[in-house]
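Chain naming follows the written order as A, B and C, and within any one chain the residues start at number 1.
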Amino acid sequence: MLEIRDLSITLQTAQGPKKVVQHVDFQIPTGTTLGIVGESGSGKTMLCYAILQLFRESRHYGGDILLEGRSLLGMDEQQLRCLRGNDVACILQNPMAMFNPIITIGKHMVETLQAHRSLSKKQALHIATEQLAFFQLTDSRLLKKYPHELSGGMLQRVMIAMAMSLRPKLLLADEPTTALDTMTQLKILEELSHCQQQYQTTMLIVSHDLGVIARMADQIVVMRRGKIMEYGPAERILQNPVHSYTKALVAAKRKDDQLEKLVDSWSGDTNGILYELDTNYWVRQEESRC
Amino acid sequence: MKKHLSLIISSLLVLVLVVMALFAPWLAPHDPYTTDIANKLQGFSMQYPLGTDHLGRCVLSRLLYGTRTSLLLASGVLFITLIISIIVGCLAGYIGGLVDLVLMRICDVLLSIPDFIFALVIVGALGGGIKNMFVAISFVSWVGFARIIRNMVRSLKESTYVQYARLTGVPKRKIIRRHILPFVFPQIFLLKLIGLGSTILLISELSFLGLGVTAPMAEWGMMINDSKTYLMSEPTLMFIPGIMISLTVLIFNWFGDALRTAMDAKI
Amino acid sequence: MFAFFVKRLVSMLLALFGITIIAFGLIRFIPVDPVEAYFTINQIPATEEAMTSMREDMGLDQPLGTQYIVWLSHALQLDFGTSFVSKKAVATELFQRFETTFLLAVTALVIIIVSSLTIGIWSASKNSGWLDWLTRTAIFTIASMPSFWLAFLFIYTVALKWGVLPLMGWGSFAHVILPSITLALGFIPYYIRLIRSSMREEMKKPHVLFARARGVKETVILRTHIFKGILPQLITSLAMTCGGLLGGAAIIENVFAISGVGHFIVEAMLARDYAVLQAFIVIIGGLYIIVNFIADILCAVIDPRVRLKGGAL
């Protein structure tokens, strides 16, 4: 479904161009979930925006991104606009900021629907209500409410409902559970699984929380400072991590410790080459520490 | 250095204006009030560098003396409004409660009449003349600042060291003087400096309408008013004072803006 | 919403009440005795008897409080007394002139809105730094020029040298153009800058990004998200500009010899026609308060967060 080929993302900073993502390759087969895990600054959010081809004016994208074989980097704005929200939908971090505070929830959903289907407002509202009901958001007044009237968790769920309303082929989830309480987190993950089962949606989940990734992912990509450290089947990586960084991550999860604390102290080498340990299992070589 | 270029140039220009105002009697080639009907409406010449007006008075000299009038009046307004707005703002902000409510309500009502109109009406009520114009402009100008000061004082009041001072029984007046004023004063002074430009505009507008300065005093707005009848024949009489007003206001605005940028950078 | 509306309404009524007090009080503070002034202006010999009877007629022998109530009750019925100078009802005089001033101010407002919106929205999409600098410099320069001087410059170039538009007076559409443009000119650069910078700020907000990520059309984003986002700011500014427009109109009318309210006031002032002055304060102040009230309500309708913050009483 989705293939990332040798993707590099370059930002323009005050000190000159900076490569924030370097030569990333991975594939997501249709109907499966890939989880990208890494701490803040690893470039994982950048990847999401890259797939949506946003920020084209200020960032340089090298390599290619193929959606069902079609090159996204080669498309023009018009084609991309049809793709976004329709074939590729996203749920982003910090839902409170993502919604326009002066527009109702209903209007947001109608807007999304009308951007890709010719529907009257009434029809769109009807579909929106159905969608929300499917995700157990059955309050009939919800559509009339404004974003600040809802909690973060609620908004996140609305975002998911909105994203799925057009039955996208690929769903990107950037930190879907951050800043939410445990109960809501579980609920959201449940809903995401539900989506996948129901609609065979291919999913890309990005998180710094290995626990979330562990629950949802079929494949895992471990990133650090814009480079892949380890990439392979989820079970193998979780049970037998090869790279020392992954080991630190898994250890942090087991100990239920703060990810940042443990991993910050990790000072390994990230410049080794990526070699294929097994079919579809890549690990970055490290200098042996004897 | 480059960053402060704006500030340096604009303050130099302000200095030039101040010098012009202070030393007008020495800089002016003629007495601004002396009429010389025989020589009226002359163009530029060696004797009268900027020509003469309809009463034969030297335009350059009147221009210089006009600087005096405007700058003196504007600074006077600045000081009076500084004092009044600080008093009102501190009282409202510090004492709070009913005093605050009443004072701020009064300010709100006063603010709901557009500046110029209000000044116009006050001058109308009191009569024309430079003293009444001074009162009118001052009365109109202090209100906005009082509100700003009140907000500042209110937030400062919640700061830890003020609270401590109050707890340890330091008398109110001392708190205000020692802790609050030093903060409030520079900010307000800066804001007022920025407002100098608009004060000068207000002065010229009122004088233009004949409600401010009285003849034969030299004031730019009035000079433009006098030149109305000669617009076609001697347009310079209208141009020159206007350019002077614009330049002066521009310089003060620029100075204020540069000063504010410099102070912001420090913070 | 209702609570907010009521709060604001009460606030407004209090302010209107305050205005009447100021209007009334202002005149009573004049150092000149209105009766004496009346006699002097009209060149009637002021004898003791005449003055006393005049005082009684005018109700000036009553205590201040009674005077206020009498005046207020008349004012509420739009009876502002009679003018010293013209002997006609103040209300009639003022409202007659008001039409003219209103036309002038509204035309200027339309010019401001149309030109600043077109130029502002156009320039918001341009990234150039020099455009920023240009608008800032333009504001600075034009804001430093006295409006009456600008008016004269216009008159000199456009009307006299080019003979294009009529100079002074009123009557046809052509007469309206020059004065309203002159009036509008002082505000246009400010609005261009306001629209440009607030649109650019709005464009950077996360919800705009999210709208793009959902594939919403660019025109819809511009309309619903960006423009609607800057609307509250715009409305508030415009309400305040109304005050500035009225003030500016007074001067413009003077320069262009238009007999509007502004002109009338200046005359009234020179004649110490205090009934007119009182009425003027009440009407102008009242209008300004009402306009700002409407603006507040509009903002609350557009932006629901305003309703929460409430109208501080």
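One rule holds for everything that comes next: a residue touches a chain if its C-beta (ideal position, glycine included) is under 8 Å from a C-beta of that chain, and two chains touch if they have at least 3 such contacts.
Note that this is a predicted model, so its numbers are computed, not measured.
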**Study point:** Touch graph components, with subunit A removed from consideration
**Key:** one piece
Review point. What's the chain with its C-alpha centre farthest out from subunit A?
Key: B
Review point. Distance-wise, how many Å sit between the C-alpha centres of subunit A and subunit C, to the nearest whole number?
Key: 53
Check your understanding: Taking each chain's centre as the mean of its CA atoms, how far is subunit B from subunit C in angstrom?
Key -> 22
Point to revise | Whole-Å separation of chain centres (CA-atom averages), subunit A against subunit B | key: 59
Review point. Of all residues in subunit C, which touch subunit B in the complex?
Key: 14-15, 18-19, 21-22, 26-27, 29-32, 140-141, 143-149, 152-153, 155-156, 160, 243-244, 246-248, 250-251, 254, 265-266, 268-270, 272, 274, 277, 280-281, 284-285, 288-289, 292
Revision key, fill the gap. Subunit C contacts subunit A in the complex at 205-207, 209-218, 220, 224-225, 228-229, 302-305, 308
Practice item. Enumerate the contact residues on subunit A facing subunit C in the complex. Key: 52, 54, 81-86, 89-90, 92, 94, 97-103, 107, 111-112, 115-116, 146, 148, 162
Review point. In their shared complex, at which residues does subunit B touch subunit C?
Key: 105-106, 108-110, 112-118, 120-128, 197, 201, 204-205, 208-211, 221, 224, 228, 231-232, 235, 238-239, 241-242, 245-247, 249-250, 253-254, 257
